[in-house]
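Shared between the two complexes below is chain A, which has chain B as its partner in the first and chain C in the second.
Coming up: the complex of A and B.
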């Protein structure tokens, strides 16, 4: 069972690496790092704060864009080009297909975010700043956020088209960053309903840790652990819902 | 029945309406079986519901009614998937891969040992010798068909499900495909062959099902389908006539004895009386509302 999933994940990984998407992602990472590397030339005070602030914001945005860019088209492409048929007809179950595709995309996403994190560290070192100890766990948290977003994109991809997938994911990303007060203000006529809805919707604000890191405030290890577990649990939930939807789909 | 490779019973598939489109019944209450070691032809004009039926058999579509079972199990079962090979119509694979990569990955996903010599032998068998490391994007339609056959044969399946497997092939390749189908049957596999090519079905199949507008309109052994019930061909020559003067006429069963008597009374010699055999094309056309 797992051998099948891992083989298919490897196939997905190879397939994604061979597509031009990966070149686009690499160019965007390079440009973002180059841009952040230019911050010291503005002679701002608190240079490292700016670098970390922009850098971590870039990583979070990168996680979102990577999720949409990598996953929104995987299943629709497989369905349109009928490449899913021979796979799902014989060696793979729908669950294995989903997990394999997810793992392949998740590996590419994690690698891209790790490379970006290393780039950010190099910029800090080159400009004579210390690398905060929390940068690695923060990146790990952003990778988990990226995986959660990837699961969301897969979920949407089973019942909507790629052009709709991106705005829906973006909308969920924005809404999930809102506080309860902000969310209730969207529809103040039904505060109870909005509060309940906000409780159910993901709380991705737990991943927003750039400010404390940029300003040198320590983050307890237990926070990373709990936020990471929350992200992984929500990711697993989204994948389960995505699979339930996928299982009802006819492959015409 | 657990030993029967395929049992389709009252299968119905309705595509539900969406956004103002009407619902459409692609397949309506069809039933047939495939017995062990048998080659079954699955015929029908375009839009008859052949591919829909096959997709229901593979668990890609959910039936709206009736049931499909393979060896007594539901199609999506992993035990079923490990026993079947599928050759899709117009196969398309991730074209950045090579056949060797695909064979290795499929073998791994199926838990098979993918040795290079074995994969080369498989490619050789389907006529892709020397193409193992070429990217699939450079393949013609026929070569993709050959690759899909190699992938289907890889696990030595107990049943092969083939959807228009020779559609894009030239006559030589079609003959090679037919030979492989017969070899697989000799190995003990059951084969479900959907095809437009009536001559192909007539050559290799034991039984056939003809589908028309989603309904099963004819089913039976090829001998039964091709034999015209209660119709005979009588060959005779007039007295002193040469072989070239032979007359052949079709006579219905009830009138046969009287006609034989009248031929003899006229002094003609009867050469042969045999049952009237039609071509599969005639059977197909009459079943699907065409001529004759």
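Coming up: the complex of A and C.
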């Protein structure tokens, strides 16, 4: 069963690498990182703080763009080109289809973010700054955040059109960064409802560790583990909801 | 009709949680201990803020950024400068410590350790929910196929 999924994931990976989207987004991320490295510091101390802060923010936005760019079109294209029906008729179950597509896209996204992280490290080294030890674990957290966003995009892609998928994912990304007070202030007339909604929505601030890294502060290893597990659990939940929606879809 | 099994539990959950979800989320103002939150108030009392400085120094609210002072002392800050800054009422803190100016920084999940248990709680709930949703949708699909 898993062999089928991995084979299908490999097919997805190859088809995504043939598309220009991944290269376009990766070039935008690298250009942004290059631009951050070119801003003169005018001798002010703490230039590495600036590079790290903006660099990690760029990686987070890159994870969002990659999730939307890679996954929003996969299912609608399969349905439009009528490739979904023969696939689901014999060799694959709907669950295998979803996991295979997700794994392929997740691998491409992780590779793109890792390359961007290496780019950020190179910029730091070229400018004569030390590379913080927590940069790799921080990138790993951003990759998990990206996988969660990927699962969200898959979920939306089963019941919305691609043009609607991107703004909905972006909206979820923005509200998930808000604190409870900020979220309740969006509609203060119903604080109970807003409080409950915020409790259900993901807490993306769990992945926000660019501030301590940029300021050279150590983060406990256990926190990386907890935040990573939280992201993976939310990803699993979104995938199961996406699968539940996909199972109700009529492909005719 | 199809959505009824989803809407009903969701509505019940919303009502239940609206009544008693205060303190269940990651809001630092709700879940932090009084000792943790009290630190800000204590420091605010200890150190004068911008408004207080304006009262004591009507000519220049920011003594640290006095241009004439900087002209007299063109060299990097030394002991004299630090003494002057301290006596002017501007409070100084060691780098990397929580104080009234850096509360937002240390109120983030990575620093507020008492939030970590809630992250674990949510992780467990999400995994259970994922399994439940998967099994329910699987069962519904097999029932539909039998029909």
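What we mean here is this: the second predicted complex is superposed on the first by the 246 of 252 C-alpha atoms of A that agree within 3 Å, B and C clash if a C-alpha of one lies under 4 Å from a C-alpha of the other, contacts with A are read in each partner's own complex, and residues count from 1 in each chain.
Heads up, the rule we're going with is that a contact is a pair of C-beta atoms (placed from the backbone, for glycine too) under 8 Å apart; a residue touches a chain by one contact, two chains touch by 3 or more.
Keep in mind it's a predicted model, so treat the numbers as computed, not measured.
J.: Quick one: chain B and chain C on chain A, clash or fit?
T.: Fit - chain B and chain C, as placed by superposing on chain A, sit side by side.
J.: Is A:31 touching anything from chain B or chain C once the two structures are fitted on A? First, second, both or neither.
T.: neither
J.: In the superposed arrangement, which partner chain does A:229 touch: chain B (first), chain C (second), both, or neither?
T.: A:229: touches chain C, not chain B.
J.: May I ask you to decide whether A:186 touches chain B, chain C, both, or neither, giving the answer as first, second, both or neither?
T.: Neither chain B nor chain C is touched by A:186.
J.: Once chain A of both complexes is superposed, is A:212 in touch with chain B (first), chain C (second), both, or neither?
T.: Only chain C; A:212 stays clear of chain B.
J.: Report the partner of chain A that touches more of its residues: chain B or chain C.
T.: Of chain B and chain C, the partner in contact with more residues of chain A is C.
J.: Where does A:239 make contact in the superposed view: on chain B (first), on chain C (second), on both, or on neither?
T.: Second partner only.
J.: How far apart, in Å, are the nearest Cα atoms of chain B and chain C after the overlay?
T.: Shortest inter-chain C-alpha distance (chain B to chain C): 5 Å.
J.: Determine where on chain A the residues touched by chain B overlap those touched by chain C, and list them.
T.: Overlap of chain B and chain C footprints on chain A: residues 248.
J.: Sort out for me which residues of chain C touch chain A in the complex.
T.: 2, 13-14, 17-19, 21-22, 24-30, 96, 105, 108-111, 116, 119-120, 122-124, 126-127, 129-131, 133-134, 136-138, 140-141
J.: For a test of understanding, state which residues of chain B touch chain A in their complex under the given definition.
T.: 15, 55, 58-62, 76, 78, 81, 84-86, 88, 90-94, 96-97, 101, 105-106, 108-111, 148, 151-152
J.: Looking at the complex, which residues from chain A come into contact with chain C?
T.: Residues in contact with chain C: 179-181, 192-193, 195-196, 198-199, 203, 205-206, 208-209, 211-212, 215, 217, 219-220, 222-223, 226-227, 229-230, 233-234, 236-237, 239-241, 243-244, 247-248.
J.: Going by the contact rule at the top, pick out the chain A residues touching chain B in the complex.
T.: Within the complex, chain A contacts chain B at residues 3-4, 7-8, 10-11, 14-15, 18-19, 81-83, 85-86, 88-94, 248, 250-252.
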